[in-house]
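Below, chain A partners chain B and then partners chain C, in two separate complexes.
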Partner chain A sequence: MAQIFHPLTNVVSRATIFGALLMAAGALWLIYMITTSDYANQVSVVRAQPVDFSHEHHVSGLGLDCRYCHLSVENSAFAGVPATEICMNCHSQIWSDSPKLAPVRESFRTGMPLKWTRVNDLPDFVHFHHGIHIQKGIQCRTCHGDMEKMPLTWKAGTLHMRWCLDCHRSPEDHVGPRSAVFANSANPLVSTAEDFAEIEKYQVRKQTNCSACHY
Partner chain B sequence: MLTKGLPRGWIFGFAISFALTMMLTWSLVYLLVKGTGIWGINIPIGWGFAIINFVWWIGIGHAGTLISAVLLLFRQDWRTSINRFAEAMTLFAVACAGIFPLMHMGRPWLAYWMVPYPNTMAIWPQFRSALVWDVFAVSTYASVSLLFWYVGLVPDLATLRDRAQNKYSKFAFGVFALGWRNSARHWHRYHRAYLLLAALATPLVVSVHTIVGFDFATSLIPGWHNTMFPPYFVAGAVFSGFAMVATLSIPLRYIYNLQDFITERHLDNMGKVMLATGLMVAYGYVMEGFYAWYSANEYETYMQVNRMVGPYAPAYWALIFCNIIVPQLLWSHKCRTTPWILFLITLVISVGMWLERFVIVVTSLHRDFLPSSWDMYYPTAWDWMTYIGTIGLFFALLFIFIRILPMISLFEMRELVEQTTKAAEAVQSPENAGPDSPARRK
Partner chain C sequence: MSRFRLALWFGAVAVVATGGCHSDMYDQPKVEPLEANEFFDDGRSARPLLTGVVPRDPVGAKPAASATGTANPLPVNQALLARGMQRYMIYCTPCHGRIGDGDGMIVRRGFRQPPTLHSDRLRGLPDRHFYDVMTEGFGVMPSYRKQISSDDRWAITAYIRALQLSRHASPEVLTAEERSKLDATEAAR
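Then we have the complex of A and B:
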């Protein structure tokens, strides 16, 4: 009877038995690496904005407080993106002719708000409240990174559910005194025994059930 | 049946079942577009047809594993002529069953969330949920059944490769025959592997439907919360599975003249298994009534009374008729060995076992603890189309199977001929032993 297959087929078929396992494992590994990569999650990636706003210049250079622009961060779910008028408080006087600020002046004249691109954008099925985190002594920089070192704005964390839960399940290094919430990297957070007591009081660890955020 | 030319009956049967499969595709696509709202499910009856049909199909699959694995280990050589297509039937039934819970999820594209894998959500599946147990039980069942069926096919695939007429089928059968050359070493390894797989598959006969029984029993719903469920479900599964094997084998032996292979003895044995498991199921129904009374729990009692005289009472009494009364005919040897009577009985049993799941799912759920949440369940046209569509898919796969693969194991029949011929030679003169007579002489 004539041979159907080339003798090489034996080698190929043996290789494919283990090759298939390796390929499957490799494919899963690749998918995992892609979904958790900074590239796929836009971490440390600068997003284009209508105006090249520099947090570095305004915070480190000029010493503005976060709350000067993000007005509702202490009380509301949404930290608040400043209205054009807040920019114009200063920029009607300084750099009032800068071509870089032309969109701001245009917005002020027409009343059409600037269309900022959201950098830290949670999906709509997650309810996150800024106010409660500020009130319980979570520093801005815990989630947002060193904003005072960002000439243009990027995301510091993946915003994955795991990212939220990692902190809620072991909050020891992240909860500090309320007075230190708006501190920058020059004053790193030092958690004390009092803070640990507060973690228990605030029941931070209990806020990991589904309906804490998905309701 | 593996030679050239397509018989007209095959084309006709395949055309109908293929059309039904297309209807299934259509109803599933519409389901994905619109969501599970097109089904008749509501709150409190959240399970509906999806779970009824899932349990029904999974149950049917059980006969294949039982015949292949358990009867192999018990050296019941009469299994040889029905094991191949019973195993194929298992695979196709599991494929049909799998569709339902997947689609019932509502967002089947996220079904992989049921699998524990490293994820960005930092959560695991809920291991205390019977739904997760189902995923493991059914996927293990499907993969072991597939392996068992395939390993059993390898020597036959080699025969088909050697007899193939054109080079494409020679190549295709050649790839799947894995270089089988009929050497003694191949046979030695084959028998080892087959026995090991049979040992692996044996616990699955019990475990899969036990887990399906847990889906119900671990809840707190009256009529479900019952320690009897796992064994009662396993018995019901074997009952419906053997009914389906008989439903399929009786027409097949007529159409393809297999009376020498699937003999009256086979029909007789299948009838006996159905009678035994049918009596176990009947015991289950009686016990459900007993528990309702003995528990002195008003919800349990009400559930049982509601089953018997409530709005779904016709389904309950039809189920008692189909699963308890009709199978009593199987006490008679004549009924067991008269193909058309047995065929009708198996059809009735299949309907009865479907009704059983309907009654368990719907009557337990539709009268919730609070009368304010009571509701009725009416399946919609989409429910029926999906259900009938899976029956179409099942038969379409079966038609393809009997067309391209040997539905009776070739080499096992040869072995049986060899053994019985030797046995016959030992006791009597060799003239009576013809090559096609082993089963007839039993």
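Then we have the complex of A and C:
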């Protein structure tokens, strides 16, 4: 009987089998890279906001402290987004007829809040708490980047579970003294012996149990 | 197992696997702080207070101890002054400046200039006056009732007293040891 398959068929079949596996693996890798990329997660992308509020202007230009506006960041889960009255503390007098601030005045008059677009937003099945991170000496900038250089707000990390865990597995690399939490400069976090003694007091633990964030 | 059964199994697994991509859990019916909610006509989940509501926590409320007296009801110590300084730096420096001269950054950008905190008039007024200015506002100065808790307002008052003292302290109040330290630094200049 004549040979049905050419001898080359062995090579071809091997190539297709392994090629298919390789392609499947490649496709998975590609999907993984895309879903975890900064691009797909809108990192460093600004969102349209009802008012062009600039942290650059207010924080590095005027020297305002984060807590002037984000009132509850030290003690609660939610950092707090300022009420219109807080803008009007100053804008009742300053730039009081700027067209850019028309929505603020409108909101103040009607009592209806401004509808800010969320930039950092975790899924509802994750619990984040600002208070614990501030009390344990994590700087705002570690998670939010250089807010004082943002003319419009963008997010500085993917906020994926991995992003949280990278720090939770080795928090000691990111913890600094509480007095530096609101600092705008990227000072080396821990420089002096006093700093080390101070951080010692916080008794930072590794929180990697699922139930720390999912409950 | 027949091929047909196998195909069915594959199909079922695929359905379950992609079902996992359903995103209901990402945005659950519960409301997060300040999230919009269609349940209310105006879409606000954070409901405005009804008239006549009495605050339970110290934010916005006056502590009982201060209802009558004009002096600071909290014990003035190092911890209170440190807290007062921190809060003063956050909420008052934008206008009153770091040392109370009234030349803060917002004033330089056109806000009405506040008076210096070191005038004889303000030094003579009781603690209560500063607390009330923060609580109720004063002229064009906004009220800080919602931003600063009652205890913190007293802490800031204590710090302002320290600021005022810093310009008018006489060397007599120092101990001999502190005095010699001061003389040494003076001499070193």
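Here, the second predicted complex is superposed on the first by the 180 of 215 C-alpha atoms of A that agree within 3 Å, B and C clash if a C-alpha of one lies under 4 Å from a C-alpha of the other, contacts with A are read in each partner's own complex, and residues count from 1 in each chain.
One rule holds in what follows: contacts are C-beta pairs under 8 Å (C-beta built on N, C-alpha and C of every residue); 3 or more make two chains touch, one makes a residue touch a chain.
All figures in this text were calculated on a predicted structure; none of them were measured in a lab.
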Contacts for A:32 in the overlay, against chain B (first) and chain C (second): which applies, first, second, both or neither? first
Check the residue A:165 against both partner chains and state whether it touches chain B (first), chain C (second), both, or neither. first
Of chain B and chain C, the partner touching more residues of chain A is C
Touch test for A:7: chain B only (first), chain C only (second), both, or neither? neither
Touching partner for A:99 - first (chain B), second (chain C), both, neither: neither
Please work out whether A:78 is in contact with chain B alone, chain C alone, both, or neither, and reply first, second, both or neither. second
Based on the A-chain superposition described above, do chain B and chain C contact any of the same residues on chain A, and if so which? none
Touching residues of chain A toward chain B in the complex: what are they? 1, 4-5, 9-10, 13, 28, 32, 35-36, 158, 160-163, 165-166
Write out the stretch or stretches of chain B touching chain A in their complex. 117-123, 161-162, 167, 170-171, 174, 178-179
Using the touch definition up top, name the residues of chain A that touch chain C in the complex. 62-65, 67-68, 71, 77-78, 80-81, 83, 85-86, 88-90, 92-94, 111-113, 115, 123-125
Taking the touch rule as given, give the residues of chain C at its contact with chain A in the complex, in rising order. 25-28, 30, 32-34, 36, 42, 44, 48, 89-91, 93-94, 105-106, 109-112, 140, 142, 146-147
